[in-house]
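By letter and in written order, the chains are A, B, C, D and E; residue numbering begins at 1 in each of them.
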């Protein structure tokens, strides 16, 4: 029998994978990918909670998260391409130009 | 009727805004004309309102909108015109309208012409607001509004150090008094849960006596400030730094009488506590005498009139304190007319003499300024209380009140003061208009003021003449619908006529003495300066000096101590410490800001882990 | 000659303003021009299927008839009656060939008749001009109608054995077998204009 | 036989039938396409293999299966190999939610010829077809060839843009019906025979969907992905053999899916049509639409990519939205 | 039983796909793996009776978002190996391991199940889409409108960014 915890653990594992990506990746595009992983893992958690609590709010949240991801990619990718055309790279270590 | 009320109230505001918009420009005639015309409109509306109240005997009341609505505290933005208010608004609008028209001439050559009219109209609006409001809070707003306008107008020539000092003094002293008033209003609200007059007065009997004592006392403190009663009186004389129309309007006819108005308006609060009333009366009598004495020797024309105002306010407070509210209000009205007239006349003289204020440097202006001479003499006669002019009817009534109420000490004091009043009034008239033409020594060529200024003054003169016997009956009939209708009659005709004639003769003698003493005077006699009484009086009983020494200087020292020791050493140091520590923290954490997004993301994750640990810990604790 | 029916096509300028473009689009849409096109193709299909307007020749199975004047691979003819070769080895063709691709060997046989044991044409060089056939006095070499010259070796078709009419198929040999041969109506033409011939 | 077992077997059988039938149909589709196009161009088309060339399918299959499998150098081999599978499999997955025929009874069980009757069928079909764009996309990107990249870029642009049109145009009939289930949509048109078809109430949506369908299935006049005159063979430039065949099968399967979708949504689905039984009716409709696809291909020319985008965003999308608005107003009124 | 099988299969697939995304050096592998992971996540949604969301996940995430990423990748050299110098891998490992342990601890703690309660219960007789629509257009109408506005803004931003002349350096653009 699959319980809520199963889903939550899977969501947590995916979240952690996404977090590894966020920390490990230096390529901006890959960072975006990792962000998508984070969002998706949270979506799983929301929908699982929604299912097991018999409550629709979780699904609504997931719905809005998908909408956010869509707008994120529209703006983020535009900026990314702009950056690439100007700097000819999307490597975080290279485009760093502020030093504390 | 509501529309008329709004017209009367808001026409000055419109005028003020109109002139205010033009405030930055150089002189424009329209900036003076429009507020004046609007004030005439307001005057007309006020008169119609008065007629309405007179004929129907019912008050006009409106509620514009909910003003404050916080929890149980509900104050509506309401106005009413009842009998007392009707009298007040008519007095205010009549005097203001005349002063406005007069000012067009008086401020003719002033750079701040537009600004002046903006302030002046704003003052009228505030005063109307004060008078028409149907609750204590609205009254307080108007109260502060007139305070602000007084400040602005006294300090109108702000480049003059003395003017701005006087403005500050007036403002600060009024604030001290206003605190008392605010506390009084707060106390009313605390005790009764309302600030609306009707509701407050209907519930007076529910109040504890001690509380009522406190309320009335605190409200009177406010009235003392505004009406410049004894300990807070010094600002009024200094406020003469403002333009003369301002002195006429604010510091003679309207604003300073707001204190009297407050006591009259709140008569139902004062009625159950005659002790406070008696105190008010005593203070009033004292101030009447005290101010008159200072006016005796002063060498500043406007200050003399200002002290005279103070003295007359004392009269009003005597009447109000003794429960003769309608008498107080009556004297307020008559006084407004002739005092405004007197001030405006003084303004003419000042103009003619190129802002010279010392009457010893004038003399014989009778020929050069015939109109002004007649008007000022008329006003002085009215002020002195000679029958049949307005001053007689009101002032004599106050004397009668004191007599009838068996306060003979008060009566004596007031009688003496009446003599003093007559003396200094005619000392002034004699010095200015009669005798040798001393001004020639200073090479001044006096000239009469514009004709329209004199015409503007003439309604006041007519009112000063007829207000007494012309209006007394109607006024009594109307006002007593609201105020306690006590007829003060000395029952024995012998005593009555003795009193009347005695007073007239006494006053007449004083006038005569003043003439005899001052018509022939050639110059100021320095010998008198060594006289102890002269010194006492010219230094205003050393009260400003005492204030300076015992209040101002120690307070300045205290402030300096607080600034140097407390503020700089402790408060600033703490603030600086916070700033420097944050700055140091920034220096330390600067290393985190490498500009590398990857590093930042790692730090973010670290923070995330920390937050999670905290969350987990909280969960554990909650278990 | 029948009168040609030309179809005139209006070629208008491209519309310049946006509004004109809109008008054009509207006009074209309202005339349902796109669907007219579909109607045309559908009509073509119907005609193709049911009215035999198929335009395809199924080539290896079906062939178009070749004109007699077609100049394809050469043929060496025989006499129908004697079955002997027509070629007398005169060598005119070899001489006249402008691309020098004809090569022949001659020798005398036991009857002292000139025979041609080898006769090759290099088809890599032959330009099919037809002079050889024209010059041949014996009508021995003509251009045939074999245009399918696909083979595994380059030398194919060019040897004498390939070109010479085989004996067993002698009956299929026609008297007017190709370009270079005498016109079947030569007699009439001689009678008509002997000089021209 | 218990219900569960039957269900499992039934589903497996259905899936197998679908895969088999539509793979075969893809082959026959090519045959028909070549034939129809030949006729429209006054040709015979394939004739040699078998009677009237019907065995051409077999010949092609043999050729494709036996051709050498080439993976170009410097490509990304794994993705290159997976991409065709994506196209084929998504095409078949999309069919999971399509009801092909009316239900019938077998061995006492009611069998409905649909693999998974989910209540959002139409959305599922669209979603699966949307995922189908990964085939050309990844294939093109993995090929390490500029024509392939161009083809892949065109794939993304074209599919993403026309998904909008598909969705918006289908929304109007869905609003009228109030359900996303294709069976509900079919049942909605039961009444009234031909007059009850949705094409009469939603003609605009029908045309929009048809136009979008051409783009979604990558058919002429919108087959810019592998427009041989411009980008050689687009995303499929480097493909050969069975990998190319998978793209091919996927494309034809999509074609049939779309034809089924149009028939179900706009043309009354598998309802009986007069004397014609429902199963036959829908087959006829699908056949007709398949024919229309071929017909259009042989009639109309290609258009340029910029014209395609112009058509999508400036013409079709406004029309679709206006249609949606009008539908909404009519429904509410 | 089917559910369990499906769950484990999808879990394994998703985790593997996302792991590949995070670790691979090839951008195309990352993209493909991520897209596949998205599709498998929609499998979770179907398992959880959130049919509508599952399809939305398919259409929006896989169909649009990832395709947009792919389109963006075409501007870069997609087949080139992504070179990233990663230092302090130990830190990353420690941080993630820590957060993983804590998240799992929090999630599996019974607190969540105890505290959470349903706000909007679906109607039993309606389907998922109807229920979702009902809640979305009543309780969440304003967030829904805001999301619409956000998408519009994002669209405009995308158009503006795309219409910029991108290949000239910043200094020239400023002139």
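Just a few scattered comments:
The rule is simple: a residue touches a chain if its C-beta (ideal position, glycine included) is under 8 Å from a C-beta of that chain, and two chains touch if they have at least 3 such contacts.
Everything numeric here is computed off the predicted structure, so don't read it as measured data.
In terms of the stated touch criterion, chain D and chain E have no partners in common. The minimum number of touch steps separating chain A from chain E is 1. Using the average of C-alpha coordinates as each chain's centre, C ends up farthest from chain B. The interface carrying the most C-beta pairs in contact is the one between chains A-E. Separating the centre of chain B from that of chain D, both taken as means of CA atoms, is a distance of 92 Å. With centres taken as mean Cα positions, chain B sits 71 Å from chain A.
We define each chain's centre as the mean of its Cα atoms; on that basis chain C and chain D are separated by 49 Å.
The mean-CA centres of chain B and chain C are about 130 angstrom from one another, to the nearest whole unit. Within chain B, contacts with two or more other chains are made by residues 602, 605. Each of residues 31, 52, 64, 68, 71, 73, 92, 95-96, 99, 103 in chain E touches at least two other chains.
Going by the touch rule set out above, the chain pairs that meet are A-B, A-E, B-E, C-D, D-E. If you check the complex, the residues on chain D that touch chain C are 36, 38-44, 47, 295-296, 298-300. Residues of chain C touching chain D in their complex: 34, 37-38, 40-42, 44-45, 48-49, 53-56, 58.
Taken in their complex, chain D has these residues touching chain E: 74-76, 78-79, 82, 118-120, 123-124, 126-128, 130-131, 133-134, 137-138, 141-142, 144, 149, 152-153, 156-157, 159-160, 163, 167, 180.
Against chain B, in their complex, chain A makes its touches with residues 19, 22-23, 25-26, 31, 92-93, 96-100. Per the touch definition, chain E reaches chain D in the complex via residues 26, 28-29, 31-32, 35, 39, 42, 51-52, 55, 58-59, 62-64, 67-68, 70-71, 73-74, 78-79, 127-129.
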